[in-house]
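Input: one structure, supplied below.
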């Protein structure tokens, strides 16, 4: 960490700061420039909050030099983390496909979709039971009944299931859920992250609407610091000035983040684009960019879906998307 | 609501859509343009989800004509809502000042600050007990001990207290809290909004990091639809491409939203700017733009604060800010 | 176009509006809803400015139904436009690679790079002669001397050349330039667009820093309306809240825009990411998503580049990137 | 400037870098941390491009410590710059009102508006003659005929005139123009900035759609480095994810920038909000936040304006706005 002092800040204040840092076990180096004095901090700076230093009236700038996350950091854990879900692997040399409807609606719908997902080569079944909706008047999911239907589909197909948790109080319904999804809007629900880190099921952590890569990794760090290192990151588009599509799909973040973290990163083109016609092209790009997997919304009859039909593809389209994904994964040397 | 059909969409599909809408109690008007057919929907369209219609393969665009919120809507409730907190009013002809430290740290700190806030004309005391922090390694507040200290300050000064709720499970500690704050990161924690709407204390709902005005009002609608109409909205800066300041303070949203909603809107320049030196200028602008109040971070010794010292002003500066606020409020014909 | 009137707007005003539109050759349909009156406009609405209608005190909203661009619109020109540059094609079944240094520096540098680009399968040579730089103190290119060096490289390799025009006054130096690039910062320099449309060389129009897809297509429309239909669009990343990378690469816009326009769309991962280590992954994704080509910064010794070295790959890396691009293009059925 | 080296970068590379910097007259300080080596650069670093250093394979990060602008920097020029326009002052203790229509339309329109602006206390007349429009099919201004009409209005009222320059080639028409406006879309038209810096008329430089404060100041620096120090900065709203209003009005940037630069900063609530009903509230906030002036769109009959009627106020409203501005300026101790 680097602290830049304001011009003409008194020597006594500089000494005070050095002593304060020493008390935290930090040693300091001073570079006296023509215009500014820069203090370099050496030691474990994870306990030093840049904002605290910024509050000092003679400090002009504070800049981090090393990343604030540790457990998620590739520097201290060079090998890829591979999350194992009853034998299905996410990370390493796999490209794992998670698919299913936005919302679980009926037994027929979810069992039929699960069978088609499995037949096409999908490895995990997704389906929303507790649904976050912007409007209190919209359909908010079948809740625990929806989870029971997912369990039936799992029994019928053997596909492990992924579904979103919207409140820690609902955990009691998640006994047979294989991967707990934390949605974009709860990415910085720190109480939930802390609680979810205390249990052992893998966690699929979606990126928040407008959260930075660093904030996202700090949220993963929350879960890991609480005891659960099975975290899968999922890019799902970010909010920008462009509103022609639902979000802006940030594919470049994937290879970039792979240098920062050992956690597997997958991506969700359905929420990113909001447009089913784009899923074939975006799925191929998701493999090409080096992601560890993909999550796609598939519905037997998208035009009758109770939620997000506009971004769901039908089962026949999913078959074709899987054919493309397999071709691309083969070039990448990955197992679908 | 307006539905634009794709060119050359078959007449049979159009008829199907009209019947489907009829079943929901919606009547339709058709405008046949040169390039497009536009269907106007008449009736209570709040049950029609634009996304559902977008899922139909022959629909090109769906556009709302009326706002999706009702209880918060100025059109159906023209008079200003005035929230009463043990006699302190927010809304109508008042400009209400809420002040206090980012975090409650010690009894001396909070009691001293409360006295200074009261002496200067502040009407409510704020202080964080449960603190949302980006890093799991940062100070996360004194939690229920912090609330006890706030209660002492309330007893000593008579100022009602405002503090943030981070999990519905903590509500048991909030018996003596007067206003429950929902932080920016929980603005779309829909389960929490639903629960908080079931109790009767006023709720101060901060705008999310990158949430639109409409989403923010829909979150207020969640609380109101659950039974609690005492909602105070609080602008606190939004996230944009500009990173020189912590956030971009969206003051223009205040007079704009006053035409959309009857709920009182206040603003928080401390979180918006992240810089204590800007608070005097931004406080004056907050009165000038017509807000119903302001929330300011004040700390006896900002340079020693455990959290957000860089954006906190000291008590003497707060005195000067209050003098300015009073002058401006007088011109606006408002009571501080 | 749809005009929503304010509640309780007088009938006389509505009649006035209908007459005003009639004078412009527009006919109108009225849908009388419970809360709002909606007027549908039928006819050539390209002369009706939505902002003009919004200025009427009884108008609440104006929404376009059809796109404001015509010459660039896929609806009126269904076949792909293929731009021919001395036999090199952009658009249709080709995937065209444009490569070269950010800035032209010396004859050796540009000729060597051109030979390596050609040997690896690149079809056009890029190189900056007039350079837009944020700081007036930075290297601003060799200007017309740079263009002369590009001409030498063209002579040596036969590769057509692409370089940026920063002022219409420099056009005199562009006689032997094959494609004129309009940079992101000039995307809405409307005088330049109008002028450039009056000459016949193909134009490579980069997307502006924070310009919407619609604005970008309207800028292409400027050039086309001026007489030049040989426009190539180039996505180069957009500015968002995320600053970890130089820009956010908006790959999803490519398949989306292909439904809106017949113009070819290529992409520039070098400016989008600002990071050479990401170019291999992003290049593959650019083919996968369906772009008509790519523009990559290549420099013999990136660490000694006078400009943008951090985002330039060296020639050996370019060879490997080309090998990958060819594999992916083959699956896509495209000719590199 | 601070250079952070990658872990395990060889000592020989570090020495190479130090020599390279020495050749530029820069001395270096090394801080050896536990994880990273940090090199502090001392001397005139304005010639060192951070991007060049980032291109070195063993460099991880480069961070500026001091601002890249010099002529515009408050540190080297502590007194406020006061721009004098035929006796009208912008900067220092004045709050200067510039008003007039978006576009000049007819002699009656501009002369009448000028008289009303003057009578109400406006000090400069604005009016668009060359108009930047997103669509090539929209009204693009009366061009040099519009400037002639502005000259008539100036003769009738004595108000100096401000109008936008869209191409350096039009300068010949600007002989009697008093302030040359550079619009948001040309803020980074570096060729134009350089040329405009070679003449002596004051320049009103609007902030770009999505340009940072630093980029904006660097564009001012371009003009100043070219020889013209009479630059007035004008905030006009920035583009963000929020589309309910035309732009997001960034009022907080004004007091923040006043600590960075000595140049006067004014603001334009008309373009920022796009909504005439918000102008009264936003004008008061603009005074309150400490701006040196304001630019407001006024039109005799906004509902008949050829451009931007929705954001223009009429002359009677302008009278009321001026009354408010004067009250607020009086509290601020400023002369309107």
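We just call them A, B, C and D in the order they show up, numbering each chain from 1.
Just so we're on the same page, contacts are C-beta pairs under 8 Å (C-beta built on N, C-alpha and C of every residue); 3 or more make two chains touch, one makes a residue touch a chain.
Bear in mind that the values here come from a model prediction, so they are computed numbers and not experimental data.
Using the contact threshold fixed earlier, the set of chains in contact with both chain B and chain C is A, D. For chain D, the chain with the farthest CA centroid is A.
For this pair, chain B with chain D, the centres built from the Cα atoms lie 31 Å apart. The geometric centre of chain A is 39 Å away from that of chain D, both derived from CA atoms.
Spacing of chain C relative to chain D, judged by their CA centroids, is 26 angstrom.
With touch defined as above, residues shared between interfaces to two or more other chains in chain C number as follows: 210, 239-241, 243. Taken together, the chain D residues at the contact with chain C in this complex read 46-47, 49, 51-52, 54-57, 68, 130, 132-140, 166-169, 185-186, 188-194, 208-211, 215, 218, 221-222, 225-226, 239, 276, 302-310, 312. The part of chain B that touches chain D in the complex is made up of residues 210, 212-214, 238, 240-245, 248-256, 259, 269, 272-273, 275, 277-278, 281-282, 284-290, 327-328, 331. The touching residues of chain C, when paired with chain B in their complex, are 2, 4, 7, 29, 31-36, 38, 40-44, 61, 63, 65-66, 75, 210, 239-241, 243.
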